[in-house]
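Have a look at the structure below before the remarks.
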Amino acid sequence: MGLLSAADAEKVGRLFQDMPRSVTLRLYTQRLNCEGCLDTERILDELAGLSDKVKLEKLNALTDTDRREADAVEFVPAFIVSGANDRVRFYGTPSGYEFSTLLTLITDAGAGIAAAGPDVDALVSALNRDLRIRVFVTPTCPHCPRAAVAAARLAAASPGIRAEIVEAEEFPALSMRYSVQGVPRTVVEDRLFFEGAVPETVFAKALTAALPFLSEPGAEVRDLLSFLEPDA
Amino acid sequence: LKAGLIPPASSSGERSFDVVTAGGGPAGLSAALYLSRYGMRHAVLEGWQPGGQAALTDRIENYPGTGPTTGEALIGVMRSQALSAGTVFLSERVSAASAVDGGGLLIEADGGPVHARALIIATGAAPARLGVPGEEKFYGRGVSYCATCDAPFFRGRHVMVVGGGDSAVKEALHLTSFASRVTLVHRRDALRAEPALADRLLASPSVDVLWNTRLLEIRGTSGVESALLDTPGGQSEIQVDGVFVYVGRKPATEPFAGLVRLNGDGTVWTRDIVLTSHDCVFAAGDVTSNPLRQVVTAAADGARAASAAWHRLGLGG
Amino acid sequence: LKAGLIPPASSSGERSFDVVTAGGGPAGLSAALYLSRYGMRHAVLEGWQPGGQAALTDRIENYPGTGPTTGEALIGVMRSQALSAGTVFLSERVSAASAVDGGGLLIEADGGPVHARALIIATGAAPARLGVPGEEKFYGRGVSYCATCDAPFFRGRHVMVVGGGDSAVKEALHLTSFASRVTLVHRRDALRAEPALADRLLASPSVDVLWNTRLLEIRGTSGVESALLDTPGGQSEIQVDGVFVYVGRKPATEPFAGLVRLNGDGTVWTRDIVLTSHDCVFAAGDVTSNPLRQVVTAAADGARAASAAWHRLGLGG
């Protein structure tokens, strides 16, 4: 039995069919010790069944190690939403509000949607290093899709940025490492963080302002949005 | 670029409109729908929280005319009604607004200045802070203003909810599905919440309520560990793993403080529901002191503000 | 008997409630939904037009949160929300209401007296008459105040619409699907209707508009045959098969004239949106002078009246 109602399946299928380019979901799972793997596979199977514009490539995290290392996948379940680029990935089972995030990630990739505007251009040209953005989310968090999509669109705009959406409940150790007890929580390079969601342009502006701080050596952690204040 | 996201440039290359609405919650969206139907050139500066508070609410049962629904779905329909009627949405925050000599308004937003003949303030409200020690420090690490978002981190744990109104009670009920124990701390001796909710809360076996009690301090090291309370029996410290705060809302009126008169509580002063102290500025929804703060009242205020702006600009006969 | 239609008897065999709402339009239905959620014993005396004016409207495009819909469908959802929340509906009309010595209100209705601690007046408005010769005589035989109801009788015929506001224009548009020709007669030189509607009307090939023109008399023998007009070029008589009148509305406040203060135009005088001159009487929707008369504003007023009544009766802490 499908997870989506017939009416929803049709709607989503039409959304996918309208995408200018196709999207591949590259899924890493393993049989043992992975609670979310089966569910994630079912969800992605169902989505891939709705349109030939969405392809699903299944990899075994334990045996396809070369691919996994090339993709820098650290946990399972994980999947890469691969359209024009490979820079957006999701760790965990995309359910609840995360499912709506997933749909947006796919349609964005299929339409080549990226963050845009002068603030984003400024970031892209100032970027002197690679950045990893992690966004912690939960299935019941209504602000989370916005935070996740903003990170993904920044990644789509800049080859140096990778966005990782992390289902916080499914990876308690990781959540604990970043002291996540509130979502959405966005963490950049383990040194910058903020709670809540901001538009992509604001995110880009703050990141540009924070680049010098990231280049300084040290383990100090700061609120990214504090770089928006004029005195920062 | 998606339709409706492109700021139209006026002949002089500036962003200029008949009416600008600040805020993209139910009040702003309803204003936009009406302004579009009035045929006015207008834009919504929706700030950083498109959809407003309502979009973040899991379940809305009391909006007349839709069955029980989610905030996201209800707001989604409102937004697409406005979009398809021709509204321009800008995901920008207003930082200041002022009257221009010789007429018109200058609105400062993230993307630069915007000019308008009239302004509708519909910036709603954000959760009020308690202002106690530890609250700021542990925000995101045990202190939360959104149970719907953060409840899963407190599975099997003991959480405290501060407040006694609809929101506090709704969210405390939501937390009972996750936490092993929910302690509601309320400074009065009765709940202000509607009985349909209050009765359900008081009947819940995993909830206890501390009446006539105030939270004084949130304590811990890397996360929340305990709460210091002022109870009728004196001060006491109880162990909790999280604190959810629902003690009202703070109107988002700072950018407009120099433009229109505010009430003592920070809400925009209004008469005839939507008129402010400035002729060409209108206010709608939770940002006003209009009685009852709900989706339906915000939507009605928005429609009224749009109608008033239309008449004010002389386009309504 | 349908659930929700049985008047509960009090211990003394009388019909008595915490709150009675007079009127079953959007204002009354929304009040009922909120009163039910507040857990109050209450009844709606919905008069002879359950659903109110909105239920008779063919197409509603501007209610935030539902897509374009029919009045009947929108009101249907509102009514079933209230019903399932526990509202009692009585299809009775209020003829008088008065304050009882020692507190409480006595409401005279078709089915006998009803007692209440508080009253919400949400009786809306009825179409205003033109007051011209022939109007009364041909009512129901060519003269109508409801195109949605009577349009099918004028298939392929020529009809006249009198008025220039939203209702006149909407209903004239509706009539174009039935009548072969629609002549709109308006005493001014521009429409007051919202542009989204006005533009559509003026673009319609089967509509002609007579500006600065008044209807003086409706003529005929067994039915309407012609209309005598006062035009800028002098009097003229034109042949028509039907006349639809949309020249404003008359608030249904006669039963309450002795109980609360009325404005000069017959609407209930209010402050803070829903408070009347009587402590325990509240008013909502088209029966008030609150700006903008729409479904969403009536619904919001209803919610606010319910909340005010709840607080007034001391059940809201």
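Residue numbering begins at 1 within each chain, and the chains themselves are lettered A, B and C in the order written.
By our rule, a contact is a pair of C-beta atoms (placed from the backbone, for glycine too) under 8 Å apart; a residue touches a chain by one contact, two chains touch by 3 or more.
Treat the numbers as computed from the prediction; the structure is a model and nothing was measured.
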Chain contact topology (line, ring, star, complete or other): line
Chain nearest the overall C-alpha centroid of the shown protein atoms: B
Distance-maximising chain from chain A - centres being C-alpha averages: C
Dominant interface by contact count, named by its two chains: B-C
Centre distance in Å when chain B and chain C are each reduced to the mean of their C-alpha atoms: 32
Chain centre separation (chain A, chain B; CA means) in Å: 27
Distance between chain centroids, defined by C-alpha means - chain A, chain C (Å): 52
Shared-contact residues (touching 2 or more other chains) in chain B: none
Residues of chain A engaged with two or more neighbouring chains: none
In the complex, chain A residues that touch chain B: 116-117, 138-144, 146, 168-169, 175, 179-185, 195-199, 201-202
Contacting residues of chain C [partner chain B, same complex]: 26, 29-30, 33-34, 36-39, 61-67, 74, 77-78, 81, 188, 190-192, 194-197, 199, 272-274, 290-292, 294-297, 299-304, 307-308, 315-317
Sites on chain B touched by chain A in the complex: 1, 48-50, 55-58, 71-72, 91-93, 110-111, 139-144, 146, 148-153, 222-223, 242
